[in-house]
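Across the two complexes that follow, subunit A remains constant while its partner is subunit B and subsequently subunit C.
On to the complex of A and B.
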């Protein structure tokens, strides 16, 4: 019986192979569609990356070349712009300052937002929904509104021109966002896991650190990324609340404008270096961000 | 170790979820909580576990009031309907977690984890993460974690609902065997009467937050205290037919009546609700006093080798549970035989006043 079916099977197979190869219309259509899609994407990406390419391009050119006309590649390739930034503490300290207060802000935002988000996701209390929305509405206010109060307050308590001043000011915008994002991730963890942990004998802090935080790892990654992004690009508060000691790179970049004109090459090099940390961070959290998007919270 | 609930109520947002429940569970007993969805099974279990606090009443363990004691300080385990494991820990660590927190030695932990895993046949998967397992294996992992420590109370909240039929049967049998050897209180919530019957032990019937009846499973089945218990504890639900008892006759309607038999003799004249199990009505008479009843077919539900036959006569509906395949046309007129000596009688309040003599002996 088995043999019979096998031979039958073989026969039908041989019939199939003997036939001339058929390329179906559907196959051809699918191939064309992929090709079109690829071309479309390439055009899109080129358009998207053009300004960034131009910035990189400029950063390797001399000022004379930049001002002399259109060139797609540096004719007179130079590292001088970068050398200037890395050789001058008043320049590179700008990066150090920025990274410093941004990291501080990330840490503060997460430490504050984690328990808050946990409370919003797990407990019911009077006005919880209103408070949750109110938190988010904080983000709707333009930073400029808070400029004067912050400046006055920090000056009077001696926080002016410190890293923590900027980090705290940015918390006003980042903590609500962090709570919002984290709450989404936390609500995705079934409450029964918390209960099981208590039944097993976990204390709350131990459960939170050992079980819960690993479960919302991607949420924390995404939150850190968004805190970083806001704090890194925010200029107004950072510039106003600092003068020398904690001056951010974006404020230092304005030094390229002088009486003798703009130092285009230097500005471009500084710009390229400003993009790099963001690219690094994005590289590390790219998978988690996708998850955040799927949750609809980002 | 016994668990006693005294007048326990739980009110949430003005709604009473558990209403004045009194319950006493003995060590080494297997207790089934039977009730439909929203009857309060899960709430009652959460109260027993200490995950929620009762709004009123006391919970005693071994006579000691533990009402406000947090779950962490009670020695209990719980298995949920959903497969709840720590997704970031391996199966081994999942099972070991209660033992690690109890600060046991590594060798002891290892011995226990392997023993429990073997018992539940998940020992080949100890190094995997829970999400890499099938649903049945995930639930076994959760069960292993509940069984690995010597808890005094083990709560199962419909643990087999999300599993396929075959696995469910298998796990159910294993569960019973696992508990035979233990001296702990097992509580098992289910919506299915058949599951309660298969598990045996004691059954507590819950309805709308009230405990209707509690006792050995077969006793509750054969001697339901009231009509709701009887309806809930049979699949398909027991048939209820309103009737009137006079001095020498039982009348269902103008055309259907029969003489009071020995079994029903004790009923005083008046109106009653008569209950008859779906499996007791037949297509052929089984004894001389069976009542012939002309009915019309509504639907013949054939499930494998069983048939659920829905029929009606002008005054009431009946469901018959027949073994074998019986095909009928809709609106076909047939005769069914009603066992007059297998009737339950309930009074106007729904309390049982009579059960068939045969059942009383059991």
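On to the complex of A and C.
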């Protein structure tokens, strides 16, 4: 088998070398196309980063400088905006709150979604298709629809203004998403592995934890990444369900509007700090994410 | 596709998901249904009004306008983001350090909280402190997203293209990476043109991810709230007030709970309908394979 492919490979190579002049023209063409592609990509990335660069630039300026005119680099470089955020608990607790409920949501979503995704990928059961569609339909539910009922529901059970309330509310769209992505990864694992393990005398929980979960590690990484992402960027529900104790940073940022006008520098600094956690997370999962996307389940 | 075993005990595995989603979906949804058929003055005085709110919502011209705007908006951004995303994906390098760097850089906008996206563009588009606004003023365009309807639309669409094209690009990128090298070799031997390669090799392989991409972008743009709210506040006038925002205005701003609830249900049903159509299409396509 291996030999056959090697010979085939060699043959295709020899065809390529025999038609050397034609190929070299094609090669040059391809090279030109790649070059154009690189230039196009660089232009796109620069345009993409321009607004972010502007925000970073502003965050290092004083308000007087921001309002006195445009400059591509801070003339009067200052860390004052960042110092203010890190020096004031009402500011930095916003980040702590956000990270806290996002992590809680990630854990809850994964823990409940793992067994369910296994069930969907391995078994047929009464109402499985309807259940799957119903789950997905929640991913499509506009948060604005649930705003008021959520507020009342969580107030009535005494969870208003707690981290768990936001974490649970975000489960509305993250759990279906997690089930969907994980199901894709699990379907890629051959059934024979399960069967062999059961014959070897593994019980279901032991098999699941010891054998199955390590097999879909990258799937879990991707799922965690998307749960993080969608919970981190959501504001409408998080803001509605909190007032003081669990208020997310995104809601605290609105404080920069005051009677004396906008505190642009502070707003920019707070914005820059909300971008950092996402960049860290994507750096860690960069190799897995492409795989997750490839399943088309995001 | 492997055959699945029939086993109703699998329900036990699905139970936790069912309970947790039911808690945050069914209870609130039933509350909304409850509101939509009642006239509520205070918690103790409420009357059953039947379908009156639904009639009112169906005939409300403000909502018709918001719905129309919503459709125009969603289709505009789809028409821009899908081709642009494919182009970006085709340009991204497939191997080496460049590949992960490009991946990270392109993905950045996706990880920014939505209100910060609004803030970034709010700053970026202002003529006095923003680069884009200043640039427009420099080349002599009278541009002001806060007072001019066209400019407001332009900015909202530009913002969405900036924010979400990366998602389409990443989806297509991974779809492209799934194409075996052999296909390209064959094309090279046949001396196929760049266009032929795209049309007959790449595009067919992208169909699946593109459907997911279109579905996601349609749904998410259909529920967009935070970004335009921060950027334009729905203005000038109500020219950039989309469905979610008019719903929130009605429910929280004016506290018209009954009509707002009826509106919510109609809104949800529209999304569900489109979602169902997409879902069946995808499932049928997978069956055909």
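Some notes on this structure:
Throughout what follows, the second predicted complex is superposed on the first by the 264 of 298 C-alpha atoms of A that agree within 3 Å, B and C clash if a C-alpha of one lies under 4 Å from a C-alpha of the other, contacts with A are read in each partner's own complex, and residues count from 1 in each chain.
Convention: a residue touches a chain if its C-beta (ideal position, glycine included) is under 8 Å from a C-beta of that chain, and two chains touch if they have at least 3 such contacts.
Please read all numbers here as calculations on a predicted model, not as lab measurements.
When both complexes are overlaid on subunit A, subunit B and subunit C end up sitting side by side without clashing.
Once the two complexes are laid over each other on the shared chain, residue contacts for A:181 go to neither subunit B nor subunit C.
After overlaying the two complexes on the shared chain, residue contacts for A:193 are found with subunit B alone; subunit C is out of touch.
When subunit B and subunit C are set side by side, the one touching more residues of subunit A is C.
Touch criterion met: A:120 reaches subunit C, while subunit B stays clear of it.
Of the two partner chains, neither subunit B nor subunit C is touched by A:102. When the two complexes are overlaid on their common chain A, residue A:203 makes contact with subunit B while staying clear of subunit C. When both complexes are overlaid on chain A, the residue A:215 reaches subunit B alone and has no touch with subunit C. Once the two complexes are laid over each other on the shared chain, residue contacts for A:227 go to neither subunit B nor subunit C. Smallest inter-chain Cα distance, subunit B versus subunit C, after superposition on the shared chain: 9 Å. Subunit A residues in contact with subunit B (one complex) as well as with subunit C (other complex) are 190.
The touching residues of subunit A, when paired with subunit B in their complex, are 190, 192-193, 195-203, 211, 214-215.
Note for the complex: subunit A touches subunit C at residues 12, 15-16, 22-23, 26, 29, 33, 37-38, 40-41, 44-45, 48-52, 54-55, 58, 66-67, 70, 108, 111-113, 115-116, 118-120, 122-126, 128, 131, 133, 135-150, 152-153, 168-169, 171-172, 175-176, 179, 187, 190-191, 229, 232-236, 249-250, 253, 264, 267-268, 271, 274-275, 277-279, 281-283, 286-287, 289-294, 296-298.
By the touch criterion given at the top, residues 49, 51, 70-72, 76-78, 80, 82, 84-89, 97-98, 101-102, 142, 145 of subunit B touch subunit A in their complex. Of all residues in subunit C, those touching subunit A in their complex are 2, 4-11, 13-14, 16-18, 20-21, 23-25, 27-29, 31-32, 35, 87-88, 90-93, 100, 102-116, 119-121, 123-124, 128-132, 134, 162, 166-167, 170-171, 173-175, 177-178, 185, 188-189, 191, 194, 208-209, 211-212, 216, 219, 222-223, 225-226, 243-245, 247-248, 251-252, 257, 260, 264-265, 267-268, 271-272, 275-276, 279.
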